[in-house]
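Here come two complexes built around chain A, the first alongside chain B, the second alongside chain C.
== the complex of A and B ==
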């Protein structure tokens, strides 16, 4: 009973924490990519003479974007399948939002102590992307349809890598509970099976539509891809889902590969450093690459996911049978 | 000022509507959004779909074939919205506009079709002038909110 109450309270506290973490991750991503491009990016401390009009800081810039979208008119195209079109942003948001409860935070197990939390989290993270595709396909816009098609093509590849990466870790740790995996004693999985970490990183850049693989959203090329027909609060929901997805993926990476860091709240500084390092690598991917053509992306992405998938599987065999963990 | 009003000022997204003309103003508009001036410091972003936009940037004079597209793009921008006309052609049709005899191909400035809030004259205006125009647009956007609210309901 006390355990359940504790879980309920931590879940309530986790909602704003995850929201602000997601917002800050998106901000950091934007700021870092701006610095890489010799820009300033969203200003941390506003110029003194502009501060009364433009606010003291823009660290919460992604939050302002979302709030603004919620305050706008929301167009729904006549030719769209209205039920699916309206339901998908909510469902995408709910999937990304619920996933935060199944991924542990330092010292806070939430629902990740459940036996199959790894499987539940993976399904929710699939859902977050899948409903984006569904909404785009139902929008009735050719650009949305092209975006959805491109999204599905990448989706098919990275879900394969996602499953391999997740279950390779589960197999070696001998558990499907994320909390057990995340608090496992011994060497972190990053050292035991670095191929799986690279594989999950490749999955993250696909799932978050980071630069070489952003042809689904391909701004200006196919208008805005899946989001072409979305405006106002539905777009706000997608942006919110994206912020939560950012948090989910980074938290999942840490939970799977940096094993003891989630044991207690005292590991929080290490957790923050790990987050910054992962976001740094994501940003490097974003700024180093141009957008791939869809066919080239398929061959490039498919090749690397396959190579690292096979290496991961071999490593799992070695670890499982010849290594006493 | 509530947080929603603040958010409206803090995150104006632009949609660039090229009505027609010589492309000079488009080059300058994109120059105004480049790393040298970097309006993303203040949350100003160029978006790809008019449905995401708050501020519509119209450049050039409107050819007659393009009239329905201009109207449609304007209607696709959700309320509250502001239109900023950039360049001499977008402000008054410039040398392409002719009342009598009528120019057979060119209608004139976009303000004959859609309500324009801010005019930025020049051929082509400097990026500083364009940024100033966008700032005027943001101020209008902030003021517009309360006036636009009742019409939305009806």
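== the complex of A and C ==
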């Protein structure tokens, strides 16, 4: 009973924490890319003369951008499948939002102590992307349809890598509970199976539509891709889902590969450093590359996912049958 | 400079090129005017283009009120002889009809659509009789009783009536559901300028394409015609914000060809300097835009950051960033002092080094290569028949450059300034990128040589104005960053309109107003080729192929800030803006 109460309280606290973490990740991503591009980006401490106008800091700029959308008109196209069109953003948001409870935070297990929390988290993270595609496909816009089609092509590749990366870790740890995987004694999985870590990083690039794999949202080619017909609060929900997805993916990476960092809240500084390092690598991918053409992306991405997938699987066999057990 | 009175060329013209000519008149520089009968123009075009390897620069018309129209064809013979041929045919006002040259060469198609639309001349046998500037669906004159032209790409009946229950997106019809029609433009995030490209796609594959322009035709020719030669300098610079120097030079070259102008050498060097600086910043800008079109924001930001260094040099020399305001008939308005030239020259090595580091990084990037190699193919034959100009033509292995073929009054003589034409045989986006990247270095070399001259010498920068003889004609050519730029002018006698003159007499009183000014910009040619480059490519490549002919942007220099506390609005001064832009990102 006390355990359940504790879990419920931590879950309640986790909602704003995850939200702000997601927003801060997006901020850091934007700030770092700006500095790479000789730009200023969202300012940390506002210029003195502009502070009375614009506030002391713009760290929460990604949140303001989302909140702004909730104050706007929300058009629904006549030619769309209205039920799916309206339900999709809610479902995508709910999936990305619920996933935060199944991924542990330092010292806070939440629901990740459940036996199949890895499976549940993976399904929720798949759902968050799938409902985005569904909404685009039902919007009736040719741009949305093309964006959805591109999304599906990439989706098929990275979901394969996602499943391989997740279950390779599960197999080696001998558990499907994320909390058990995350608090497992011994070497972190990053050292045991670095191929799986690279594979999951590739998946993150695809799932978060980081360049060179942002074909689905290519603004110069297909307007806004899946989001062309979305505006107002529905677009806001999608962006909120994206912020949560950002948090989810980074947290999942740490839970799977940097095992002891989640044992207690005292590991928080290490956790933060890990987050910054992961975001740094994501940003480097973003600023270093132009966007691929979809056909070339399929061959490039498919090749690397396949290579690291096979390497991961071989590593799992080695670890499972000759080394650990 | 000199009137082309080379007797061998005149003889060659009379015997081999245009034996049908009614009247031969040498114009200034290497231009010769020949009057022919209107029914001969298509036969002549076939001979010029197919047999003699000439190139149609532009076709246009001059309205001579009750005396009818003069149709003007300008051919470039520079591959055979040093000659620009101005072919004129007179048509009646009652029955203005002329055979189509467009059926001989695609180069004339857009020009003929324009003649038809602006002057109402019937062009017999046009391969593409649709509107050029008006919307395709624009109704016919009501008195004709004819229905409006159905567009080739917008069928008049889609089989779906537009009620709110069964409304379907444009062109999606169960019968044609295999493909869908995507309108890219008039305002689309990928293509900043107002133009529409209709692409019919099957999945990601473009099976058909069409381009519609005319969204911001401003009638600038007419503005110059109403304002006269001197004020025309001001207007012509405002045709384009990016290649304003090229327009200024082409205009003054054209106007100076109307009279005996002697441009001082120093002025010619300053003109060359500015046009080349303009080309450097335009090409760097294009590399940035191209990077943005393939989704590479970093490349965009860094190239535009480097471009600011070129803009600083331009600003130091002219005091302006966009419209330089330095062009005058007979010279330039401002001298470049020796001290300034020396200072500007010191910045050149640093700029060159930065570009040497940047450009290979852009061109050799593996993902950039994947996006440009084999994209938007344009063979030499297509480029020649379509009349491509500038970097687009040179990337298709066609060695044309107005600076070498028909140089304007600037120092492009190899004995004065050493430079070379850049050509490339990739015939695709990679070629166009490489040509522009290499041309940047060639232009920096020219700039360096001009500054070296200017820092050592001094002298006059402007010739005294002279009167313009009525009825004289001139062609001004210049290589803009995007390709060959063409101006045609006819000095008018519009003080006394022709209808007030005795029967058959043309007004020779003279005035300070031109009778006709015609401009053909390089993009006008290259944009006509976009559909050819698009068909067969992937949808993802549409923006970059459209961007491969280069684009223009406009910018403002003042910002209005509204204080949300007091609801006051105030305008930031230039000094404040400079101060804000120079402030570090952390105060």
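Note that in this section the second predicted complex is superposed on the first by the 324 of 325 C-alpha atoms of A that agree within 3 Å, B and C clash if a C-alpha of one lies under 4 Å from a C-alpha of the other, contacts with A are read in each partner's own complex, and residues count from 1 in each chain.
One rule holds for everything that comes next: contacts are C-beta pairs under 8 Å (C-beta built on N, C-alpha and C of every residue); 3 or more make two chains touch, one makes a residue touch a chain.
Everything quoted here is computed from the prediction, not taken from an experiment.
In the superposed pair of complexes, A:295 makes contact with chain C only, with no contact to chain B. In the superposed pair of complexes, A:79 makes contact with chain C only, with no contact to chain B. Look at A:230: by the touch rule set out above, it reaches chain B but stays clear of chain C. In the overlay built on the shared chain, the residue A:71 is in contact with chain B alone; chain C does not reach it. By the touch criterion defined above, A:266 lies against neither chain B nor chain C after alignment on the C-alpha atoms of chain A. Look at A:2: by the touch rule set out above, it reaches neither chain B nor chain C.
Of the two partner chains placed by superposition, only chain C is touched by A:142; chain B is not.
Of the two partner chains placed by the overlay, only chain B lies in contact with A:58; chain C stays clear of it.
Contacts of A:212 after superposition: chain C is touched, whereas chain B is not reached. Common to the chain B and chain C interfaces on chain A are residues 37-41, 43, 53, 219-220, 223. Listed in rising order, the residues of chain A touching chain B in the complex are 30, 34, 37-43, 50, 53-55, 58, 61, 63-65, 67-68, 70-75, 219-220, 223-224, 227-232, 235. Against chain A, in their complex, chain B makes its touches with residues 3-4, 6-11, 13, 35, 38, 40-43, 47-49, 51-52, 54, 76, 78-80, 152. Against chain C, in their complex, chain A makes its touches with residues 33, 36-41, 43-45, 47-48, 52-53, 78-79, 140-143, 145-146, 149, 211-212, 214-215, 218-223, 287-296, 300. Note for the complex: chain C touches chain A at residues 164, 167-169, 172, 180, 182, 188-190, 201, 203-204, 291-299, 301-302, 305, 365, 367-368, 370-371, 538-543, 561, 563-565, 583, 585-587.
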